[in-house]
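Once you scroll down, you'll see the structures, which are given as structure tokens.
Shared between the two complexes below is chain A, which has chain B as its partner in the first and chain C in the second.
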Partner chain A sequence: MTTNTNDELAQIFEGWSSTVGKPTLKDNARMTTRGVDVFYGEKQAIFGVDLDIGKNEVLAMIGPSGCGKSTFLRTLNRMNDTIDICRVKGDIHLDGDNIYDKKMDVVNLRARVGMVFQKPNPFPKSIYDNVAYGPRIHGLVTRKAELDEIVETALQKASIWNEVKDRLDQPATGLSGGQQQRLCIARTIAVSPEVILMDEPCSALDPIATARIEELIAELSENFTIAIVTHSMQQAARVSSRTAYFHLGRLVEVGATDKIFTAPEHRLTEDYITGRFG
Partner chain B sequence: MVSITFDKHTSGQFNAELEEARNHLMEMGGIVEQQIEIAFKSLVNVDSELASEAIQMDKDVNKMELKIDKETTQILAKRNPAATDLRFIIAVSKTVNDLERIGDEAVKIAQQAIELSNDGAGPQGYVELRHLGEKVREMVQSSLDSFARLDADSAFEVMQQDKAVDLEYNTAVRTLVTKMMEDPRTITRALNVLWALRALERIGDHAQNISENVIYLVKGKDVRHKKLEKVEETVNR
Partner chain C sequence: MTNQLNAIERLAEVKQERMQKNLKARYAKEKRFQVYGIMSICLGMAFLAMLLGTIFYGGASSFMTSEIKLTINYDPDVIGVTDLTDEDELKWADWRGLLSTSLAERFPEVSGRSAVRQRNALVSSIAEYSLRDRLLANPEKLGTSEEIWIVADDEIDAVMKGQVDRTVPESERRITDLQLSLIDSLEAEGEIRQKFNTTFFTAGDSREPEQAGIRGAMIGSFYTLLVTLLLSFPIGVAAAIYLEEFAPQNRLTEVIEVNINNLAAVPSIVFGLLGLAVFINVFHLPRSAPVVGGLVLTLMTLPTIIISSRSAIKAVPPSIREAALGLGASKMQMVMHHVLPLAMPGMLTGTIIGMAQALGETAPLLMIGMVAFIADIPGGPLDPATVLPVQVYLWSDLPERAFVAKTSGAIMVLLGFLAIMNLLAVYLRKKFEKTW
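Showing the complex of A and B:
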């Protein structure tokens, strides 16, 4: 992240004191964040973000590199815990449960809030075992037949069943990039999460594989809540119902995707989506 | 609402493409304004030569239409415009359509001038025609000015004028009908004037459309088919 002087910041955020639009929802919120600050050592990366993610909505988070969108996404299932110097302040609740509560079981949290990463990262195991791994370690099944059913359902929901059903015992690493990413999505949904976080899930994929993932996101939103970070504004416009724009660690504007991409309220949002940043 | 600029894109080429589309639209607007003026003059002076000139000009208008349509299509395909850039492209595209239709209406006026000239009679005395013609020309000019200056207030003023134009058109039609009833020998001529009046009224409608496009571009709100009070709220916001 670039370091700006106070004067520069004042200029950048001219006319901005708090998030433009409606970051919080009256009801129907699955995750709520209030006053979230994130620090890497002394350096603050996120500044007082209030943002709700509604049930079964696809929320896109966009912004220039280093704006904190991925950092913010990672706070939602405590991925930042793995970074020693990272501190998170503020409240983040999932269905009313404080996810930073000392009693919160992080492994269980990450089953409830699953994550799909930029590069597909299947385990060096068979296709079947990749999907079966989660249900096994979380003790979701007792019988093989049950596990078979979960694996099949997850692969079907991730729109990859027809391509892999005859080679479930083969290594997942033998699949194409797009297939691997859909397998990772199947692995995530196999443990029936409430929320799926996606951190630039298509940036390593070709346009056709990307189109399939985007189609999948639309289908998944019927059953899951999805928050997606993407560098592609067209992707955000296509897949999401709400869009949040981050800039230098602040949530500048959030609103209906239709509105953000045709008539945003804030100059910073406008400049970003129209390509006026260097 | 975010104020509008078309420069400052990271891509200088994109800035240039938007600027070019804007310049061409203004150029087309200039040709159409001139075309209306010549067509109108040909009518009130019953001058078939001027009328032919106005009809000829339609070719230039059509050429500009094709040119700008091509440019906006290219921008949509290559640049994926968003926000003000997107609204600008939509507004340009629709305004081009309205300008082309205004050109067609100007041709209709010129054709009536030729018919009248062939009959060897002038429409002198039809004060309404002159008055309406002036008003409508002003509307077109103001709507294009408001586009050039991205001025929603003056675009709204044009929208307000359209009501007066409609009223004047209806009054003129009634007057002509009365004249036709009084003296059936005037029917042919009066019908020519009626068609010209109708074309002028339609030009006013297109000027109103252009003004609506300007308000959409500047304010980000679609004000078509809205009552004037609602439009005023949008403009003042």
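Showing the complex of A and C:
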């Protein structure tokens, strides 16, 4: 029993049995989730989600506001652990390791599954220290030169190196919003994660900064697996290879991005992408 | 389509006229509010000025003292000592005699028991001990003579400061006509002077106003606050961090929170009673000692520090915490690397406000015996001592006129320290905020 079983929901999910499309991959999966339920106290926010994220793919998650995209994304690196009332059920594996296993160390997990947040959140420290923070706390480097190199590479990969190379010792909070977000991406990739989670990374940015981040995502997908939540269907279409559509806590449809946007199979997906709600 | 105007259209016609009227009223209201605000600030400033004015007016004279120039002849016959290293002889030495012979030489015309007594009362009754110390420090002076400035009695000092009304009859004055004439002749010769009262800052308490200083109380306050700071800052900050970041949100933590808030409102004297019962009677720590004072004041300031530290921690944006955790920082690393540095200015401000409260606290210290008369300057936190506000309290109770000024003088010193601490709070705040 959940508090969500009201009439409206019953109506919408009339005839909904399971996810349309192919949520699971035969091989090549980096992360797999099976039967994931998430609860905030008594209230259930995610209902039995099965979904795989393939190696080096960009998976976009779309859906109306409040449908649980952020909640689902945050289960993937256990950021939900920080919310007292939040409980997660089901299996989530990263390269075959159960991430909710007792033996799994969250510190280690988050070094493997990095996260970029909706609002740029640089530390109130220098640009250099922001990027160097991850490698430092995980003890990844032994020499200063090595750290310098990592910082430079991360900033280059986040295509912000040219803008900041002369002011590495200046406060990161002095950068523009778009620069800050790219810095946050550099900070995330500096620990060389396997998966990067992005929760609406461009929602606080203007179109030009957004375009740069989108380009960046395409480049990053060569080395990293990326799961991105977005409200912009154009963005999903531009950056992702697969798209997952969520609705009221259910994973309604998954498929190749061009297929989802041109020939959605589920009525809810179609309604959403044609702008009938959301 | 109807010809009738709807409500909005009708409103449009009268809108400007009504708004003008309304605006006028709104501005008038704002003006009135500003006037009230300015009035209350003025009132506050006036009271402050009055308070400071009376204290400065009354206390300024305590920073000056009078001295009389005398030729002292360290005559072994007068002192009755031939060997300055002989303890037995020193016990019977007549140091007072040095002063009275010197005064007799200066005023040979004075004779008669009563007149001589009045003449001898020109100098401080304990000036002889400074002469003794001077001679013992320089034994080669025995048998020689020198001109030195001797501290005058506090009544003489009052005359010099113009606090004595010479027109009232002699019987109603604490100073006699003879003494007045002696002072006048000294003044004519330039043999009496007023100078900055270093004794006030270098001496401990004394029954004689002209020899009483606040150094003992200052050092006592210093040790007490040192103990308070060393205990309350780490304990308070650690408690705040634990409660904010690590403690589970349950009944127990709620109860703790309510109790901390309650403790902040407990009258300070209760902490004094607790200190007496626990630290002195159970743990047998020394009475009147800054350690115990510091412990008691720690209990008193902890709630202040915990509460302000918690709100400083709460003010750290959650996005910074998420950023750190998202990169794989442990909770401890998140707190140490990000939360604590950002919360530090707020924590320090709270701590200094707590310390300033502790510096001005009297009641709990009375309970643990820090109110005793202590002439020696404490050498450590275990020595008996008193503190500045208690010194103020002690002096305000004494009858001598000079102690009235000293009370105000001590208050001025206390206020000075409070001002310094508050400036320090502002400075630290600025400094730590600059590093973002």
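By our rule, the second predicted complex is superposed on the first by the 270 of 278 C-alpha atoms of A that agree within 3 Å, B and C clash if a C-alpha of one lies under 4 Å from a C-alpha of the other, contacts with A are read in each partner's own complex, and residues count from 1 in each chain.
One rule holds in what follows: contacts are C-beta pairs under 8 Å (C-beta built on N, C-alpha and C of every residue); 3 or more make two chains touch, one makes a residue touch a chain.
Note that the coordinates shown come from a computational prediction; the quantities given were computed from them, not determined experimentally.
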item: Partner chain in contact with A:266 - chain B first, chain C second, else both or neither; value: first
item: First (chain B), second (chain C), both or neither touched by A:137; value: second
item: Partner chain in contact with A:166 - chain B first, chain C second, else both or neither; value: neither
item: Chain B or chain C, by number of chain A residues touched; value: C
item: Chain B versus chain C as contact partner of A:122, first or second or both or neither; value: second
item: First (chain B), second (chain C), both or neither touched by A:275; value: first
item: Touched partner set for A:237, first chain B, second chain C, both or neither; value: first
item: First, second, both or neither for A:110, with chain B first and chain C second; value: second
item: On chain A, positions contacted by chain B and by chain C; value: none
item: Chain B-facing residues of chain A, complex; value: 233-234, 237, 261-267, 269-271, 273-278
item: Touch list for chain C against partner chain A, complex; value: 248-249, 317, 319-330, 333, 337-338, 342, 436
item: Chain B residues touching chain A - in the complex, by the definition given at the top; value: 1-3, 8-11, 14, 79-87, 220-221
item: Residues of chain A defined as touching chain C within the complex; value: 77, 79, 82, 84, 106-111, 114-115, 117, 119, 121-125, 133-134, 137-138, 171, 173, 184, 187-188, 191
